[in-house]
């Protein structure tokens, strides 16, 4: 049974209450339930982590290659500032899909650049919680 | 039965022969066949157009709202240069998903900006021909 | 009887339905009727074209000098991207007035530059459909 | 009888003698006479001021809303440097039309930005002294 | 009894009526009354000036060192454009606190730079009329 | 009794010994004592944290809304680099005042931009340890 | 007998009458005659097209590889704005030489960048109509 | 007897007391005395003005051509911000020499651009009060 | 016996497996062994830490001055993004040498800026694992 | 018999051995032989110089007008850095054609600007050693 | 008797024939004669050099401090590109005045920056050959 | 016996007297002596050159590959301006280590870019004269 690591970046634990005009009312629990439903149907196993700590996320990715087939990540705020997470993905060499709830390219200028995109296989953005579902489908298709 | 317009931008007719290292070996015909298969399963009707002419694409989008529920578009080279296509999408108000075969954000700098993203509901990029499939699934989920 | 060419650029056929908060509710037909009324009163003849095709607009301007005294143009989206239309105006040497419905200098940054202004005699912007009327009056005063 | 305030910015008192290749040979007196002729025909009253002092122009605009229906302004050199005049227009909330004798967008780069345009209803530029006439007509149409 | 000079920059005389969404409904008179109340309690004397003229503000500051212990200034629009006021503060050597009603760093880009901050002891911004009160308290603490 | 959270960002534990020409000789313990004195007088309760970890600060803020009325934060080095802390403040929706010991706008260019200011109610900078006192007074006035 | 495609970009049909100070008095017919004379002598066949339409030029290049050995192109205004033509040359993989009548690198800044140069084998610019002759000689030498 | 206008820009009345490390200890009175001594020897008449008001300086220059042969100006802070003074010099057409006490090109970046230099005949900078003497000698040589 | 702190930044635990074309095949264990060999020979004691956490590295440096004579650091990804580590080095005042395995100035543009260099005594880059050896020799020479 | 000066800039003596992927395997001797063959056929005389010294090249060009009809130059590395060579060409007024072996506009960014192009009659680039032949033909056609 | 070194930078040997619209018709010999006349009157000795070689100029300046009291230099093209000459002046510590024939700040953008000004005592520009005379007078006044 | 070429760039002959705060008091002779001592111990032969002439340095490097194993270079001022030296190193293909006395990345902005680093194997900077020693050790380790 294939194993996939899902990482939710900083502040995603606040989903649902956080600026709902931008991020919608779906909570992280609901997103995770939908992901698990898909995983069950497709017969893969998911390990899901949320962290506000850049270093923790780097730790997780650095050792991910040995335990998981692929990585589904929403780097959230670290999308725009973390060279360390980018390097972790490149260093581990794990197959990665990047997702975003909102359309980062129509927001503030400092959000219109992803340090992660160049090391991800593909990116899905703007579909709210559905971005994760599409990302998981894409990953399953790739592995 | 719901109708969806699919637009392939400039040079996509050359897919398969065009710089296969970047764009893969899948041809446009194969992509269209996959899309039609999904459409059939999901019981929607697709109208598929390819054009190298910015003006033609603007014409198509301008009148699309009356005939179609949604637009799936790979604007290709016009992604980076066409304010007219952007304005057409905004003016027609049609629900739009943008797809790209390659990860435009890891290519030349002039390709790292999409004029279309801010007027699209969401964007999917980097999955080769699969980007279209994911885009169609996303659209169907939205309408 | 003097002849004047009026060119409406891309997406202006959608006026009235297109983002009315920015462009107002006046339709292109109404704008043209107002222009014809003025033309009649001032005893000049108008030829009015709308096109979404940059190449078509270049074709029209390239041969305009032989048939028309002057050109009234709203280049719309091509204002910001078309060196070809700019070159056509300079090459044909026709007396040109540029108009815009909205105040392009208080919108997105990519709209705050006009490639056309430097080859136009003058520019009128921000008065909605009235920009055309003022533009026609200005042209008549100049010829 | 409606009242309109006309403000001529710095150095416009020198018109006619000032770099005639750029600004033409018309004097400010002639421009004012033309404006008064139009005003008389349209039955409005004009108050016309010229000042080289940014602070004086800010003073005039700050209290203009109580005395005038609208403002016709050629901010001249202050177009490019005065946040204070921009704020005065926004603060007073007076209906404003901005005019320029020359086409500022085909001159030196530091002149290709107007701090005033975003707070004006509309802008007219490049028609020499006629820019004022068109501006007054536009204002009368708006009030 | 210590004397403090308070300078209100351009357009602050319009407070209360000026774009209340940004600047609040408090008038300059109310702000001045609050300042005087604090001054009385703290046993200092205030001289309060409002001017729309950059030159006048430079005049005031140039001679301030001889008459006042400190300067409390809201340079308003001149914050972003006046090297002359900056030089006046540096030249006079007077202890200066800069205040702003709104948070200038979350507004238009041209407002996100203060020429005055580098020559002020400290800056307080974003608290509406209360910014002045905090500024006065800070000044009193410093002298 | 109202509760306020105070967060000291990275390296502030070194205050007093750290580059005293820029940051002064006051230690963090002294600053905290002054804050507690004010809190006692004003009858509010303070919870004070210092952390060098961006993720820890994000954790603290994410859950702060439920426990505290307001946040007083000196983000120190993270002022200029942390989108995650900015997002945490916006996501939690807690009333926030930002303080800085030094005048960041007169230092190195990379320090002249605050990612935090746009989500804070107000900012106080340049008064050394007194910036905290003023910030607490401002917060108490706001709640 | 080898076949070569020659494409003249937008406004080149106006040559001779178009800003003769920059582009010279030679007409497009004269340039074509010179090219044909050389072709005859060198025993190759030329197909010559002029188009103002970006899409038409993309169409021509997309299918050129099957019919022609090489492409001689003056992209004119599209040099600076057309990613689509650039992609067409790269996608078709046809051997390409780029020519310009004027020295684009000593003109307006927006003309000092060629999107086409990086996909052309070589570039010749500044020799007026002779640029074409040199370009044809270069192509013949290469094939 | 030839007449020359000397204008000292903002804050120059504070010379001697103002940041002596940058501007030296010479006062404006001493500079004027030296200038008058040279003028007497060379048999020309000087009119000397100091103003902190941009508008006043524009007023002076606008009418200077009729009364004076030439202008010697130290625009001080307005060097970097005043398009109005630049336009006044160009509009009046008066022969102008620009002087600076300090070497503006080795100071803060915002001082490293002179809006005045392009309309002055020549510029002298960095020699302290002696810059004026050299400027006057240069002017006398030119007229 | 002198004590030196060695800090390996994020992802350096993956050395050997991480993009070997850029970083070589040497593992962190091998690098540490070489360093210890030199230390033994030179009779100094090394404390070696690897961390992916910016905050942990700041913690380590903040207290380093009391325990160590000097710091040898490869800040890896944090080189380009961490103002906090820079401030920690400056605040602790510890003698610091910065090393990099690869030549960061010939890689992606975002890697071509070191926030750490200005607070380090010296920098050594591009020699793979040998950069550490040279760095240690340099440190020993300095203390 | 007409005389032409040919200048090869820095490092061109290393041709053939220098980065053959970029510059090809042709040596400078071979290029010179081809040039001499053409010169003989066209009955002109060539003087050929290679220099690594900017000053020497400036010396050569400064006096070239008196001895030669025209200049064929490959400024190599000095293309991007030498204002002195540019000024020498402009000062001597000699008819100049600039050639480059590689397509400088598809290489590193610092090579994508030629200081020489604006003072050359025309430029030929990207044809390897053949660029010289085409350049000589172009020169002969011009004189 | 005091000794002064005068250095004329590249291409100044061509003065009089070089672009006379910009540089005037005076030759270098005439400039030198005027300088010698002044030197004689002021009883100083001049050593005058002209060189097109950056290295030669660096050689001259490096040893100048031992032989000369001061340096009068027109760095010409090297003004904008030579860090080496700048470093030579700073390294030798010789008192230096920089002169330019033309007003470099009203010419091409790449000429609007002087690497030399920050290490010169003062700069004189725009007075043609007279710039040298004024520069020599300034130097004599300083030593 | 292996031979190594050492090149000292412009102004390094002045070491010891040149701005000692930045470059230290060590003279070039002392640096060379230290280098020779190391060379003797390691049994390699050094050829040491100092030159202020960019062209001379290019000459030296162009032929170095035939005579030397490796190059140790401090390009000094040419670090930031010489594409020619960069090209010479790349063209000759000689193994190169770049050293700097000072930390160029904490000085003026124009010194914060090295054209040489991308073609050097590694770079050592900031250790004063010791940078050379470390560079030589690094070279010996590499060959």
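Think of it as A, B, C, D, E, F, G, H, I, J, K and L in the order they're written, each chain with its own count starting at 1.
To be clear about the criterion, a contact is a pair of C-beta atoms (placed from the backbone, for glycine too) under 8 Å apart; a residue touches a chain by one contact, two chains touch by 3 or more.
None of the values given here were measured: they were computed from a predicted structure.
Undergrad: In the chain contact graph, what is the shortest path length, in steps, from subunit A to subunit G?
TA: 2
Undergrad: Supply the minimal count of touching-chain steps required to go from subunit A to subunit E.
TA: The fewest touching-chain steps linking subunit A to subunit E number 2.
Undergrad: Tell me whether subunit I and subunit L, two copies of the same sequence, contact each other through the same residue numbers or different ones, using over half shared as the line for same.
TA: same
Undergrad: Averaging only over C-alpha atoms, locate the centres of subunit E and subunit G and give their separation in whole Å.
TA: Roughly 62 Å separates the two chain centres.
Undergrad: Could you give the separation in Å between the centres of subunit B and subunit F, each centre being the mean of its C-alpha atoms?
TA: Roughly 47 Å, centre to centre.
Undergrad: If you average the Cα atoms of subunit B and of subunit G to get two centres, how far apart are those centres in Å?
TA: That gives a centre separation of 31 Å.
Undergrad: Where in subunit H do residues touch two or more other chains at once?
TA: Residues 53-56, 81 of subunit H touch two or more partner chains.
Undergrad: Which two-chain combinations touch?
TA: Chain-chain contacts present: A-B, A-F, A-I, B-C, B-G, C-D, C-G, D-E, D-H, E-F, E-H, F-I, G-J, H-K, I-L, J-K, J-L, K-L.
Undergrad: Okay, in this complex, where on subunit D does subunit H touch?
TA: Interface residues on the subunit D side: 9-11, 13-14, 17-19, 51-56, 76-78, 80-81, 110-111.
Undergrad: Which residues, counting only subunit E, touch subunit H once they are in their complex?
TA: 53-56, 58-59, 62, 81-84, 86-88, 90-93, 115
Undergrad: Tell me, which parts of subunit G touch subunit J in their complex?
TA: Interface residues on subunit G, with respect to subunit J: 103, 105-106, 114, 117-127, 130-131, 134, 137-138, 141-142.
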